[in-house]
Each structure stands twice: as structure tokens, then as C-alpha cells.
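Two complexes come next, and they have one chain in common, chain A, joined by chain B in the first and chain C in the second.
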Partner chain A sequence: MLRHIKNALFPFALVLAAFTGPFVLEPFDLVNLSAFSAMAIAALGLAFVWGTLGILNLGHSVFFGVGAYAYAITVSTFGDSTLAVLIGTMLPIVFSLVLGSCLFFSRLGDVYLGVITLCVTLIFYSFMTSTADPWFHIGPVPLGGFNGITAIPSLNVPGDPQAFLSTEATFSICLLALAGAYILLSLVRSSDAGRIMTAIRENELRSELLGYDIRFYKLLGFALSAAIAGFGGTLYTAVMGFVSPNVFDLPQASQFVLWVIAGGLGTFVGPVVASFAFQLLSCQLGANQVFNTELIFGATIVLFVLLAPQGLQPMIVRMANLKLTYRSGIFRRKEKPA
Partner chain B sequence: MSGFPILATRGLVKRFGGVAAVDGVDLVVDAGEIRCLIGPNGAGKSTLFKCLTHQHQPTSGHVLFEGRDLQGLPTHLIARRGIAIKNQIPSIYANLDVRENIRLATLRRKLTKRELDRAVDLVLAEIGFDNLLAERPAATLSHAHRQWCELGMLLASDPRLALLDEPTAGMTREEMLRTVDIIKRLNATATVIVVEHDLEFIARLAQKVTVLHRGKVLVEDSMERIEANETVRDIYLGRKKDAAYAEG
Partner chain C sequence: MDQFVILCFAVVNSIALLALISLGLAVIFGMMRVINFAHGEFIMLGGYATVIANHAGVNLWLSMFVVSPMVVGLIGAVAERLIIRRLYGHLVTTMLATWGLSLFLIGAVTAIFGNTTLGVSAPLGNITIGAYSIGAYQLFLIAVTALLVVCSLLALHWTKYGLIARAAMQNAEMAATLGVDCDRVYATTFIIGAATSGLAGALLAPISGVLPHMGAAYVARAFVTVISGGGALITGFLSAATILGPVEALLSYFATPVVGQASLLLLAVIILRLFPTGVSSLWTGGR
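Up next, the complex of A and B:
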């Protein structure tokens, strides 16, 4: 029971923030935090596929980007954002199933998988930057090359393309979506399928010898993470109003990895908190232009790997436990009798 | 199903480059047996086990399980047919607790939640783990307990045929005796083939012993007769020139 309450604490805080935020924050902050939430959702996808299933996907940003572009093109063509969000979530699933089939059925090792996925996202980057010619268009929407697609309509009331949501409502939706993604992934992780995925991360051979089809579970987890990333991409594009090939580039790809490492591999709360913290930092650094943002991030990732290789969340949990043990001393709760 | 031996191999060959680790093995094991497989290092025991579960693809020959050819099946489907294996190198979920290890092995059996919990508790009792031990990550267990944890996973998966590759390696005599009990329990519902070197262990378990040598079945008999067999003594001690060559 206690554990359930503890697990519900984080999504509850997000929901609380979703409803109180519009009353206490400036519109500028609301927009920023909406975008951060969208990014955090995508980061959760990586936290799941890497932390639970053990697939080091260095090109997680490709699904984020595909979702972002799919939203941009669909909403610019048809006008309704609901359909666009749906397509932006589904398309990465299809793409991940194709890519995943190639990767998992050929039984590639971890490192090769990371390298190939990273190459895939960079290929997308390279392609998208070379689409400046008006010949590259989908429907009425030109892909726009390096400049990407601009003036993308934001979220609207489902079914009514003219009724755009306010900044406040969009903020609430983004935070609720983050809470929803967190709950969904937590439920999947603690389900039987999720526990089998954990088992596959722990020991592939043993799982296979017990009769589990590891390729099936990897494909399943990969597709789920892609859907989450694509969903994050759609929200990000809806909030920002533009999308450019930068969603596929190296800094973007490495940021997701950085957040998961910093937050703690195998945890969900950590990567979300880390993604907010680093995006906030990035905003501040970008605003005063004193330091190179990437240099700072690079240094941070090195520091984390050296000093807190398990990431923030496990570190904090361990410190809290130590303190509790120390404080409660002899009054510590006895082990339940066998 | 009856009428067929539970396992039959026909001319099974596994080559690694120019070396035939398994060189035409014809092995027949009847349902309900505990069969011991012995042979000097390099005789092809572990390779044979890996061929049976398609961890290695056999170069040629057939494996018939309950009369059906396993050819072309991937490892996980062989496991689903009912063949469980403990490789020579222990393979458990080191960072998960013992109960979760056992539970993951039970999960494939399509039980209700209540039956599943009961089945896990039963297996934990059968391998002699109390609640305190069951909550520990498998990595923190002693060597023997890790072996038992893996045997427990085999028990929990309720196989028809269990292949055990050196289950008592590195155990004390007391631990070996406890392992004998666990394997006897396993044998109550499954046929067992076990690779071992410990003579007391073999004497306590096996009705029939198969000796492998240089990838081939050398002789198949009861333990007393095997112990008296001159050829077997020769290959173990490397007495003949020909046998010594095989060891190198």
C-alpha cells in the first residue's frame, strides 16, 4: 500500500502542477515548461527502452523527429491537431518496427545497435537539411531544408480546427501528458511483460532458454519507446510552432542520453527531473551567451559518469535510506518473520 | 507420445572448423530416466547439450524429442516444447531477487495469479530457500545457492526433459547431497540427463551411464560395469597412445 502511494506521488505532483501552473506562472514560462514537458516525455521513452530493456538507442531522437515532422505536415495539411498527434505517434511505431526488425533479427550486439541507430538519425538530419528545394514537399507542405517547417498551427479543441487552445490549456495538457506517459510506462514496467523485458536486459540467454522470444519483446519495447518519443515530438512541435532538421542532429540525440544517465538509468523520475533541469540550464546559458552550452553539457556528462555513475535518483534514494537508518537506530522496523 | 523415447539423436555432428566436437552421436533416452553423461574434457558433452537446445546449430544429424524432429526450431521454441537446460556456466538473473528468478521461470506456464504464487512458493521450498533468502538478489548468494537457484528455475518451468551440465561443480559433499535430492525431485516429473564427474553423485543418481569420448558414444551401461570397463579407465587416465592424443 505504502509503495503504491509512493509511486503515485510523482504523477500526482505533475497533475497538481498542471492545474496550478497557469495561475502562478508567466505565459513565457508556461510555453517553456510545455516544451520541456514534451522533451521529458520523449526522454521517458529512452529511459524505458534503455533502462528496462537494455537497448542502448543512441538515435532515440529519430522517433522524436519523425513524430515532430509528421505532426507539422499533417496539421498544416488538414488543420486538425488531434489527427496530427495521432499520426505523429503512429508513424514512429511503424518506423521502429521496420528498423527494429532489422536490428533484432540480425542479433546485433549493444555497441553496433547504438552506432546504427545513431547513424539512422544522422541520415535523417542530413536528408532533411537538403530539402530546401520546393520539389521536396508532402501535400501542400514544403519540407523547407535547413529552415524546416514554420508557422505550424498549435493544438486545437478536438474536432474544431479554428478553436486553438490557450497557452495555459496547452501547458496543462503537456504536463498531464507527461504524467500519463509516466504512469503508462510504470504500469508496463511492473506488468508481466515488463518484468520479462527486465529479465531480458539481465540475461538474454537465460530468458531464451526459459522459452521467451527475446526479439518479440525487444520489438515491443522498442515500438513503445518510439511511440512515446513521437508523441513527445508532436507536442513539442505544437508548442514551438516550428520544426527543423535539428531534431535529428547530434546534440539532440545526445541530450536524451545525457538526461537518462544524469537522472539514473533504470529510473523514470530521475530522467524527467534531469531533463527539466538541463533544459532550464540550457535556457539560462543560451540567454547570457557566456559559455558554450554543449561544452557545459559535455563536461556534465563526464562528471556524472565519474562521480555518480548510477545517476541522481539512485544516489538520492541511497542517501535518504542511509539517513533513515541512522536516525531510526534501534527502532528500525524488524524484518517480517518468515 | 508413448512408444517413442523422449530423446533420440541420429548421427548428430557438430564441427567447429576442422574439429568435430560431436562426431556422430546416437543417443536414446527413455522417458523417466536419469541418465549420466561422462567423459574426459573435450569429449563433447557440453557441445552435445548445446546442440540439443540449438544454442549451437548441429552441422548434421537429427534430434528427435518425443518422436518429433527439432530441426530448424529456435532455442526459445525448443524450451517451450519442454526441454530445460542448465549450462555449465551458471546463468541466472543476478540483479533480480531469487523469488523473481523463480517467478520468471514459472510465468510461461499460463497459471492464474494465485496458482503462480503457490507454484513459486513450492519451488522455493523444494530448493530449500526461506523467505529471507528468497528476497536476496541472486548475485549475493553463495556459489551453491546460485546453482540451486538455477535448478529451481528449471523445476519451476516444469520441463519434460532437463539437461544439467555439471550441477555440482565446486560444491562440498553436503551441498552435493542436497543437489542430489533436488535432482530426484526434478526427476519425479521430468527425464533428466546430467553431465558429471563426481562418482558418488553418479552412483546415487544414475541408472544408466553413457560415456562420450572424442565426440562419440563409447559405451553405455550401468555404473558398476562402467567402472570396471578397461577402455573407460584407459581414456580417463590417458593410458593408450591413441587416448593421449585425443586429450591433446
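Up next, the complex of A and C:
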């Protein structure tokens, strides 16, 4: 019972923030935080596919980007954002199924998988930057090459393209969506399929010998993470109002990975907190222009890998547990490090 | 006829380019099973070393063949000592650490030299074939690449160090029992790999110019080449380059360079679908 309450605490805090935020915060902060939570949603997708299923997907941003572009094109063509969000979530699923069936059915190892997925996102990047010619267009929307697509309409009331949502409402929706994604992924993780996925992460061969089709479960998890990432991408584009090929580039891809490592692989709260923290940091750094963002990020990744390979959340949890057992005088046998 | 010659040249050039940019990576990955994500940045640093040495008045050939490999080898040594050595055997962790290193190096170079393209002019003039003319430097590049590959094959199979390195690669524990200092072998290998990447960057600097982000342009292709090559160290990536290079060259010629690069990736995915451990599993028996 206590565990359930503990688990519900984080989404509850998000929901609380979604409703109180508009009354306390400035519009500028609201827009920023909406964008941050859209990014955090995508990071949750990676936290799931990597932390629960053990698939190191370095090209997670490709699904984010596909979702973002799909939203931009659909909403600019038809005007209704609900349909656009739906398409922006579905298209990455389709793409992940195609890509995933190539990857998982050839039984690629984790490293090979990471490299291939990273290559895919880089190919998208170079393709999208080369679409400056007006010949590249989908419907009435030119892809715009390096500049991307601009002046994208934001979210509107479902069915009424003219009734745009206010900054406050968009903020609430983004945070609620983040809480929703968190709850959905937590439920999936504790479901039967989720347990099998965890088993696959722990030992692929053993799970297969027990009769589970690991390729199917990997494909399933991959598609789910793609959907979450694409959804995050649609919200991000809706908030920012533009999308450029930079969603496919290397820094973007590395951000998601950084947040998941920093927050703690295998956890969900950690990556979300880390994504907010790092985005705030990079926002500050970008505003100051004192330090180079890549320099800081690179150094942070190296330090995390060397010093806290398990990430912040497990580290903090372990420290808290240590203190607790110390106080109550219970000496447990030290667990073997993973 | 002239066009055919030019096309053949483009194909050979593309194979040589792939081989050149992946040689350093192949050495490090093949010997140590370390995926070095900072590979593209080693290339970039090699290019910068050449350009800066050249602007400072050092002879171009000297800065290419001496300064760049030394500078990048040194940086590689430091990186190996501080980061890679602590993570041997942890494939994924090493990959992430080197990724961090790659971002760090990009950031550092941007902060020091600025986000602009520097360059040196390509030496050696042009050669005219019928109505076309090609840079003699590109021919030189092909020759140097061939020489490098032959040298590394010879070094691996005919020298004492090559023997020790191959032993450490096949069975580190057994090699250690026989008195080989594996850590040292790994460190040397990493430095040689880094120096080779630096040389590659130096050789490419006159034709492409140098930019903090230039590594990203090469790293994807280098990885795809090495990984679809598979376990056999030199022959693996060489055969992968021979398969992938022509496809990229021809499609770049008849369509656009982007189509060429995309088809290279696609072909690599198909190759890995057919041979999950690389092309060289055909003759190494899937090791």
C-alpha cells in the first residue's frame, strides 16, 4: 500500500504543478516549462526502451523528430491540432515497426543497434538539411531545408481550428501529458509484458529459452517508446511553433541519452527530473554565452559515466536507505553491486 | 570513355575515403572491442593540427605526416589513461564515455578556434583526362590510403608487436599468463588508432577544410563500414568499404550526395541483416 502511494506521489506532484503553475508563473516560464515537459515525455520513452527493455537506442531523437515534422505538416495543412497530434504519434510507430523489424529480426547486439540507430537519425538530419528547394514539399508545406518549418499553429480546442489554447492551458496540457506518459509507462512496466521485457533485459538467451519471442517484445517496446517520443515531438513543436532539422542532429540525440543516464537507468522519475534540470541549465548557459553548451554536456556525460554510472535517482535512493537502516539499527547484508 | 574513367576514379576514391576514415576506428574496435565515438573528433583534431601548424609556417607535408598524428596520438593517450582504461570490458559504458568525450572535444575546439571553417589549399595541382580534370592530390590520397592499409596488414602479421597485439585480442587472459602486459598493449593500440585517425583528418583537411562539427560527417560512415566489416581486423572493413564505396559513389553521381549516403546506410543495414556479425564472418566462420 505504502509503495503504491509512493509511486503515485510523482504524477500527483506533476498534476498539482499543472493546475497551480498558471497562477504563479510568468508566461515566459510557462512556455519554457511546457517545452521542457514535452522533451521530458520523449526522454521517458528512451528511459523505458533502454531501462526496461535494455535496447540502447542512440537515435531516439529520430522518433521525436518524425513526430515533430508530422505535426508541423499536418497542422499547417488541415489546421486541426488534434489530428496532427494523432498522426505525429502514429507515424513514429509505423517507422519504428519498419526499422525495428530490420534490427531485431537480425538479432543485432546492443552496440550495433546503437550505432545503426544513431546513423539513421544522422541520415535524417542530412536529408532534412538538403530540402531547401521548394520542390521538397508535402501538401502545401515546404520542408524548408536548414531553416525548417516556421509559423506552425499551436494547440487548439479539438474540432475548432480557430480556437487556440492559451499559454496557461497549453502548459497544463503538457504537464498532464507528462504525468499521463509516466503513469502509462509505469503500468506497462509492471504488467505481464513489462515483466517479460525486464527479463529480456536481464538475460536475453534465458528468456528466449523459456519460450518468449524476444523479437516480438522488443518490437513492441520499441514501438511504444517511438509513440511516446513522437507524442513529445508533437507537443514540443506545438509549443515552440517551429521545427528544424536540428531535432535530428547529434546534440539532440545525446541530450536524451544524457538525461536518462544522469537520472538513472531503469528509473522513470530520475530522467524526468534530470531533463528539467539540464534544460534549465542549458537555458541559462545559452542566455549567458559564457560557456559552450557542448563542452559542459560532454564533460557531464563523462563524469556521470565515471563517477555515478547508475545515475542520480538510484544513488539518492541508496543514500536515503542507508541512512534509514542506520537509524533504525537494522544491519542488512550488503547487496552485491549489479 | 572519359566519363567512364572519371566514374571509375570516383568509385576508387570513395572506397579509399571510406577505408581512410575507418582505419583508425577499425584498429581500436577490432583490437579492443571499444566503440570509440570520439573517432570523428580525432579526425577533426588531426585536421585542425595540420591547418594550424601550416598557418604557423610549418611545411604542409611535415604538419600532415608528423604533427597531426603526434598531436592526436597524445590526446588519445590522455583520453585512454583518464577514461577508457577505467571502463575496459564495459562496451556500452565506454561508448557513452567516448560520446561525452566527443561532445567535449567539439565544445573545446569551438571555444578555442570558433565555429568557422579553416582551410589550407590542396597541393599538387590538377591532372586532365579528356574534358575533365581531377586533383592530383586525390590520387595521392588513394595511394597513401593503400599504403596505410598494406602497412597495417604487414605490421599485424609480420612484426612481433603485431603478434602480441593479435594474441591479446584473441585471448587476453592467456596472453597475460604468457607475460604480455595487456593494459600496455591496449594503450598502445588506442594511441596508434588515434594517431591514424589524426593522419586521416590531416589528409582530408586540404579537400574538405576543418570545422568543429566536421567529425559528424565522417563518423557515421566510418562506423557503418567497420561494423558491417565485422570481426576480421583489416580485411573486414576493407571488404565493407569495397562494397559500400561504389554504391555511395555511383548514387552520389547519378542522384545526389544525400541519396548516396542514405543508400550506404541502407545497404549496411541490409548487410547486417544478412550477416549479423559482419561480412567477414563469411571467411572467419562467424567469430
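Everything that follows uses one rule, which is that the second predicted complex is superposed on the first by the 329 of 338 C-alpha atoms of A that agree within 3 Å, B and C clash if a C-alpha of one lies under 4 Å from a C-alpha of the other, contacts with A are read in each partner's own complex, and residues count from 1 in each chain.
Note that in this section a residue touches a chain if its C-beta (ideal position, glycine included) is under 8 Å from a C-beta of that chain, and two chains touch if they have at least 3 such contacts.
Keep in mind it's a predicted model, so treat the numbers as computed, not measured.
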**OP:** Answer with first, second, both or neither: which of chain B and chain C does A:199 touch in the superposed model?
**Re:** first
**OP:** Have a look and say if chain B or chain C is in touch with more residues of chain A.
**Re:** C
Original post:
Touching A:24 in the superposition: chain B (first), chain C (second), both, neither?
Top reply: neither
**OP:** Using the touch definition from the top, say if A:212 reaches chain B (first), chain C (second), both or neither.
**Re:** first
Subject >> chain B versus chain C as contact partner of A:307, first or second or both or neither >> reply: neither
Subject >> Which superposed partner A:114 touches (first chain B, second chain C, both, neither) >> reply: second
Subject >> Complex contact set, residues of chain B against chain A >> reply: 53, 55, 74-77, 79-80, 84-85, 87, 91-96, 100, 103-105, 107-108, 130-132, 153, 157
Subject >> Partner chain A, residues of chain C touching it in the complex >> reply: 35, 83, 86-87, 91-93, 95-97, 99-108, 110-111, 216, 220, 223-224, 227, 256, 258, 261-262, 265, 268-269, 272-274, 276
Original post:
How about chain A: which of its residues touch chain B in the complex?
Top reply: 192, 195-196, 198-199, 202-203, 205-214, 335-336, 338
Subject >> chain A residues within the chain C interface of the complex >> reply: 56, 102-103, 105-108, 110-112, 114-116, 118-120, 122-123, 126-127, 130, 249-251, 254, 257, 261, 291-306, 309
